[in-house]
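There are two complexes below, and they share chain A, which is joined by chain B in the first and by chain C in the second.
For the complex of A and B:
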C-alpha cells in the first residue's frame, strides 16, 4: 500500500480523556494533527509517560530499576518513589501475580496494594490486570469500587470481558476504561463500538491497541496505529477517535536484548543500558505512530522519553 | 365473530375497571398514611430510604424531583394523582399502574421514618445502592440473565420452591413478595442476596423495592436522566429482563401493581382464572406452576446460555481429527450403505420445547458390537431472527461439532454421513442421545443470536430413517439447492462486505454477492448474511445496491462507498464483474488468480495448488505478488474456485468464454459446472475441452495453436486491452 504522506491540520480531532483528579490530573489526546506534528497546529496535550509497578516487586527487574527503588519497604513508598521519577505523569499498577495460571494471588491482595498506593500518592492511577479475562474482571470491579472519585483508568476491557469491565468501571463507579485489542484496527473499532453499546460514553474510553518490541513484528503495530489515526483524523471516524495508551515497558523488558546477561553475550554490553535502549526506541516509535501515552519501567527511559517529547512539542 | 369481539371488549373493560379500583384503593391509603404521618411528625420531617443517593428512586426517576420531607411527599402524591386519568383505555390503566407503584413507594418510605428498620430477617425491604451496583454489572453482562418477581403463594410450598430453584439454576435473580416467603421458610429453603433469592417483604407494596432496583439500574447503567420518563421506560423495557409470576388470588390492588410492571415492560404470568383476561405478551395465563419458568422466559425473550455440555466423554477440538478404526468401534452408522441423514429444520417457536432430546428407536445398547445401522437426526430450531437460509449454515457445522466428541468420528454431510462410536466412548457411557446434547449445546451457544429454542430428534429405526430420509431430508436438500440456483445477484437486495482478513491485508475488502463468493472460497453470500446476523458489528456488513453506475461492469455507488469506508480510504472504487476496470482487490488468500493472456484475447486461471508455470511465463506465487495485498491491477484478479462457473465471471469482458487455460486438476474440478454454464450462456457443449492445460501447453505459442485447432471462441472476440 503506497504511503500518502500529508501534512496539515485535520478537521477532526482525537477526544480528550482526563485521568486522575486535582493538579496532577493528566489529559490524553485532543490533537488534530498527525502524531507529533506540532508544526501543523499546536498539540494541546503532549503525550504522557506512565511508570509501571507490578505486584512482583523488583526482585527480577534490571539492576537500574532495582537500584532506583532500593530501600522502599512498602507499596506506598514504592509509589512515591515511582511518582518522583523525572518526567513521570501517572502510575500504572499491574497485578501479574493474580493470574490463576500463576500464583493466583487473591483479589484482596491486589486491593491492599491499591489502597496503600492510593493513600500514598495523588498521581493519576492506571489499574492493569493479569491478562486472565475472568480474574481481571474481578480485580477491576473491586478496584473501581475502591477508587471511587479518583477518576482512574481501568486498563483494560477485552473482547472476553468488556461488558462487565466497562459497566462496572464507567457506569457503576465513574472511572475511565481502556479497550484492549491485539494490533488490528477492525478489532479495535469493534470493541469501541460494543463497549459504547453497553452504555459507556465514547469520551470515557482509552484504546490499548497492543504493541510489540521494536524489531519483533513491530511493523504491524506501526501500521495499526497509523491506520487508526488516519481513520480517526482523515475520515472523522468517531469510533476510532479515542486516545491510545501503550504498555511499552512490559513488552520490551521481556525480549532477549533486554534480558540476556552480559556474561552470556559480552559483545552486547551491560543489560541495563540495552534494556533502556529497547524501551526508549520502542516508546518513541509508538509515540511517532500515534500513541498518546506510553507506560515504561526504567527511570532513565522515563526521563529520556519525556525529555524527547518536550523537545518535540 | 361479533360475539367474541364484544366479549373481548367486555373483558378488557372489566380489566381496566379493576385496575382503576385497585389504584384508587392504594391512592386512598397513601393519602391517609401521609396525612397521618404529617399530623404525627410535622411536614418538615425527613423521609427517604437508607443508603441511596436517589431519595425515593422511582418517583425521582419518573419526575426528576427529589422528595426529602413529608411535605414534599404530600406534594408528590398530588402529582401522582395527575397520572390517574380515567379514560377507559389500556394506556390509562397502565399509567394508573405506574401511579399505584409510586404510591407503594410512598407507603414503604413512610415505614423508614426516624431511621426505623421495618424489615427483619429474612426480608430485605429496601435494597441499597451498593447492592444495585454489584447486581447491575452481571445484569449488564448477562451473567444474571433475568429477574423473576414471585408474588403470592404457590399452589403448594413445594411447587413454589421448585419454581425458585428452576430460576436459580438458570442464574436468574429471584425476588419474593408475600406468601411465597412463608412457603420457603416452611420447607427450610435458604434465601439471601448471595443466593440470588431475595425476599422483599410480606406486604404487596414491598414489591416496589425490586422495581426500585430496575429503576436505579436505568439511572446508573443506562445514563437515564431523572425526569425523562420515556427514556426510563425504554431502558427498563429493553435492558432489564424482568418479569412477574403472580399467584392467585389476584385482587384489584395486585392487578393495579401488575399494570405498573407491564408499563415498565415486565410481563405478568399468573395462574389466576377468575375475573381476568389475557393481554398478549403482557398478562399471560399459565395454570401449571412447573411450566411458569418456560412461559416467563419466552414472554420476556430471555435466553439462557449453555455453558457445559452434558456428556460422559470429553469435548474439544483436539479430538476433531480422531480416527476410529473398525476394530475399535462399538457401532457404526453408515450413510453409504443404509439410510442416514442429518438435518436442521426451522420451526415456529410454539412447536419446540427447548432442550428436548428424543431418541426414537433403540439406543446403542441394543446394537451388537461392531454392527452397522441407520441414523437420522433432525435438529429443530426456532427463533425470532431465524431464517430458512441459515439452516444449511448451521447444519454444515455438525461435522465439526460431532467430530470434537472424544471417541466419535463423523464424515460427510446431508444424507451421506458416516458416524462411528468407539468402544471406549460407549464404555464411558456415551449414547446416541448425547449426540443430541452436543448439537443442542453448540447451536445454542454459537447461534444464540438467531436460535431461541432448539430440540433434537434422533431416529435409529431403519424404517423411520428410510422414510424420513426420502420424504423429509432429500426434499429439503432439493429445495435448498433450488434456492441456491435461483440465488442470483439480481435476485437479492443487498450484498455483504467481508473484512475478515484485513488483519494482514489492511486495504482489502471483499464484496460478497450470491454469484461471487469471497475470493478465499470460504465465505458465500449466505455465510456473510448469517455472520452479519450473528455479529452485527462483525466483519460482514450490509452493502445496499440501489445506485447503479454501470450494470455491465457491476459498478454501484453504494458498493464504492462501502469499499472506501471499509478500506479506510485505500480503495475508492471496484466493479463486481470486470477484471479490466477497477477489479475487486484481493487479500492474499485467494484460491485462484486469473490473468490476461494477450495472444488469445483470453485469460488463464491458476489455482494455488498448481506448482508449475502458466503460459504467461509466471507461476502462481509470481501472479499472486501482482494481485495480493489489496492492490488493483487491471487484467489480474484473485477469486474463489466456485466463481469460475458463475455467469458473472468477468461478465463485463464477455464472461467465461474468455477462459483459455487452466491447470488440468482445476479444470476437472470445475468441468461439470463450467460446461453447464457455457451451454446455458453460449450453447457451447463440452467447453472445457477447448481449454488448454499444462499437458497441452505451457507457452503462449503452443496454446494459441491448440486454441485455433479447437476453434476457441475467445480468438474471435474483441481485444481486452
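For the complex of A and C:
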C-alpha cells in the first residue's frame, strides 16, 4: 500500500494579534498547525524576531552587541540601529533601571526614552518593564498613554498587577497586552481568564509564559509550550489560543556560558560566539515548541534566527 | 519567677507562675489554659490572640494584629515573652475550639439514622453482627471444710461444666474481687465471658440478681475532633455518645506539627496525656454517667483514627511517619489492652485499632470504608473523608484504590482568619443576594446566637455565593465593589460578614482574599486528588455512580455549593451522600461484631495505596484545580453565575 501523508492541520487556530501600525506592523499567531509544521498547512504568519534594548545601554553587553551600536549617541539612533538589524521585526524597550530595588529610575526617564524611540522609528514597539509589579504598572500606564495610536504591546501584565495594567493598556489606550506567568500552563490560562474578565478581548492578549536558557531546566519550558499549543489547537481551548512571545535574550545572556570570559575558561572559546550560540539555540527551541515571537539581543542571533525561520516556512 | 493571670470572658481565671523569658503560649499550655494555636506557635496563623490587661509583657507586633488592635492591648501569645507579673484576658474565640463536650443519647434523629443505616447495610452485605461475649449464670456449691477447692478452681469447674470448654482463663480483676462477690451472692453469680474456639476468658463477675452490663466503646480520634459511643455489646444498642475537641490541638493543628511536638523532651507522654487523660477519659466518664454503667464494664474498645493519631494514642514514635520513606510502626496491632494505657476501661479489654494502610491513610478510612459500602457494590463509587487530611477511596466490589491529600485545616476553620470549628456561633450556611450583596446566615446554636466565625460548611457557602454573585473572580480576588467589600492598606480585599456590633465581638467578621486563597488550595487538593486517582486508573468522573462524603464538616455541607466551587466533580448533586462520621460508625461495627472487624482487616488488605506526591501530574492538576471552579471550566458544565 502506498504511503499517504495525512495533514496534521487542526480545526482550531491561534488568534492573530497585530502590533504596530502601517507597513511595518507585524502579525503574531494565526496558525492552525503544530509549531513550524508548514508542510501540514500554510503558516499564516511566520514567527517574528524582536530586538531588545534596555535602558542600561550597552556598556555591559558582549563585544558583538557593543560594537554593533558603536557611535550611537542617543536613544533615537540606538533604535534606528536596532531596527536596521537584518531580520528584525520589532523593537523591545526594557526598563531595568526603573526597578525600585535597583537604581529606581523615575518613570519620567522611561518616558523620555520611549518618546525618543517612538519619534525615531516606525518599527512596532513592545514595552517591557523592570520586573517590579508595582513600578511596572506605573511605567505601563504612562507608556500606553504616551504611545496611543501606535498599537504597541505592553509586555506584560502578571497576577499581581493585571487588573490595572490590562485595563489601562487595552481598554483606556487601545494597546495590546502581554500576560506573563511562570512556566505553568494552568497559571497561564488562569491569567488569561482573569484578564479577559476585566473586559479585555482575548484578541488583544499575547502570552508570555516565561522561559529559561536551554540547559537550565528548559524541559519545563518546552513542556509548557507544548501543552499550551496542544490544548489550544487539539482541544480548541479558546483561553489558550493567544500567540506567545518569549524574551529569550534577557535569559541567555545572563548565564555563565554567555558571560564567562575566555581568559577564565580558555577551552570554551570566544565569549561572544558562545553567547550567540546560547541565544540562537534557545530561540529555535522555543520557536519549535510553539512560541510565535522571540526577543533577542545580538545582531548575529537576530540574523541567524530570522534566516532559519525563513528557510522553514 | 513571675505571676501570670489568665482571665476569661466568663469571669473565671487561672493563675500560673512562670520564669522570666518564658513564652506566654507555653505557660498557658502548662496550666491547661486553652488557647488555639493551630500553627503550633509559629506566629503564622494569628489565632492565639489574648488581651494584655496589666503588668509587663514583651510582645512583638505581627501582621496579624493591626495598630489599632495593638493599642487596645491585643497580643499574639506565641510571640509574647514574660518579663514580669502580667494579667491577660483570653477571649472566647481563642478557646472556641474547646467545644463544649456534648453528651447526648444520640438525640438527633439524623445521627441515629446514619448509625442504623450503616449497620443495616453492612448486615445486608453479608457481614454477621456477632461477637463472643456472653453472660453465663453460674450456681456453685458453697465451699465447706470438706469441700476446700479454692474459689478460682470452683469457678473454672463450674464454667467447664456449663460451656464444655477446657481452656478457661480468669482476668486478674476477677481474681481480686471474687472472694467478696462469690460470698455476697452465695456463689450464685453471672460471669461476663468471651467464648472463642476452645477458650473461655472471664472478664467479670456480678451477683446473679444484678444486671451484668456488657459494653463496648467506639472512639473516632480525629486530628481536630474526637467522638465516641458506648454500646451494649449483646444487643448493639447505643447507650451514650459524646464528642470533644482533641486535647492535642494546642500542640498544633495538623499531624505534622503534632509529630514534631512529640519529638520534644517528654513529648510522647505529653501528647498521649492530652488525648487519653484530657480527652478520652473525660468522655468515657461522662458517657458512663449518662448510660449508668461503670467504666469497668467496658470490655472492648475500638479506635478509628488516622495513622498519626493512633500512633500518638498508643504512645509510639510518630517521626518515621513524617520522614521519607514514611513508614509507620504498625498497620494493625492486636497487642494492646486497657491496662497498657491509662484509659478508664476494663484492664483486660482488648483495644482494637482499625488498621492503617499507609502513613497517610489510616484506620479512620478503613473503618469508614466498611461503612461507605464501596466494597459491596458492582458500580463504582467514591468515598471522601474531609478532614485535616483528605482521604479518598475509589472502587467497587472488585478493587479499591486509596490516596490521601493534605487539605490543611481549612475545612475545620483553620487557616481562615474568621474560621472556627462547628460550635456555637459558627456560620454554617450562607446565602448572598446577588443585587444587594447582603448575606443571610444559618448559625449553629440556639435561636438568637450571634455569629462568631465561619465553620467549614459556612466557608464553602460563602465562597460559592461570593463567586455566584460575581463579587470574587475565579482566582478568588474581589472584582466587585460594594458596602461590604473593603480593601486594606496593602490592597487585600475582604467581605464583611458581620460587623463587630452584630457579632458582639471585638472585631468585625470578615473573609479576606488570603482566607479565600487558603480555602481554594484546600478544595484544589481534594479535587485534584480525586481527578488524579481516576485518571491514573483510566477512569472518568462520569463513571462514579455514588459519592459518599464523610467527615466533621458536618451534615450542613451544601453539596451543590461544594460542586460549584470545584471541590467535587460536577456529576449531579443526587449522586452525593453525606454519611456522617464514618470512622466512628466503622469503629462501632468493629467493636460490636467480630466478622465486621475481620471484614475491615480484609478490606484494608485489598486496598491499594497510591502515593499522590510521587504521581507525575499531580502538581499540575493541583494548580489547575486552584481556580473557581477549575482552570478547565469544561469539567464543570453546570456551574452558573448570577446575572447581574
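Criterion: the second predicted complex is superposed on the first by the 306 of 313 C-alpha atoms of A that agree within 3 Å, B and C clash if a C-alpha of one lies under 4 Å from a C-alpha of the other, contacts with A are read in each partner's own complex, and residues count from 1 in each chain.
Simple rule for what comes next: a residue touches a chain if its C-beta (ideal position, glycine included) is under 8 Å from a C-beta of that chain, and two chains touch if they have at least 3 such contacts.
Computed from a predicted model, the values in this text were never measured in an experiment.
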Kindly say whether there is room for both chain B and chain C on chain A in the superposition, answering fit or clash. clash
Counting only touches as set out at the top, which of chain B and chain C does A:57 meet: first, second, both, neither? neither
Quick one: classify A:215 as touching chain B (first), chain C (second), both or neither. neither
Is the number of chain A residues in contact higher for chain B or for chain C? B
Check the residue A:203 against both partner chains and state whether it touches chain B (first), chain C (second), both, or neither. neither
Return first, second, both or neither, reflecting whether A:106 touches chain B, chain C, both chains, or no partner chain. neither
Please work out whether A:185 is in contact with chain B alone, chain C alone, both, or neither, and reply first, second, both or neither. both
A:193 contacts which: chain B (first), chain C (second), both, neither? both
What residues on chain A does chain C touch that chain B touches too? 184-187, 190, 193-194, 197
Taking the complex as given, what residues does chain B use to touch chain A? 133, 136-138, 140-143, 220-223, 499, 502-503, 506-507, 537-539, 565, 568-570, 629-631
If we count contacts the way the header does, which residues on chain C are in touch with chain A in the complex? 473-475, 477, 479, 620, 623-624, 626-627, 631-632
Chain A contacts chain B in the complex at 1, 141, 145, 163-164, 167-168, 171-173, 183-187, 190, 193-194, 197-199, 201, 223, 227, 230-231, 234-235
Contact footprint of chain C on chain A as seen in their complex: 159, 184-187, 189-190, 193-194, 197, 237
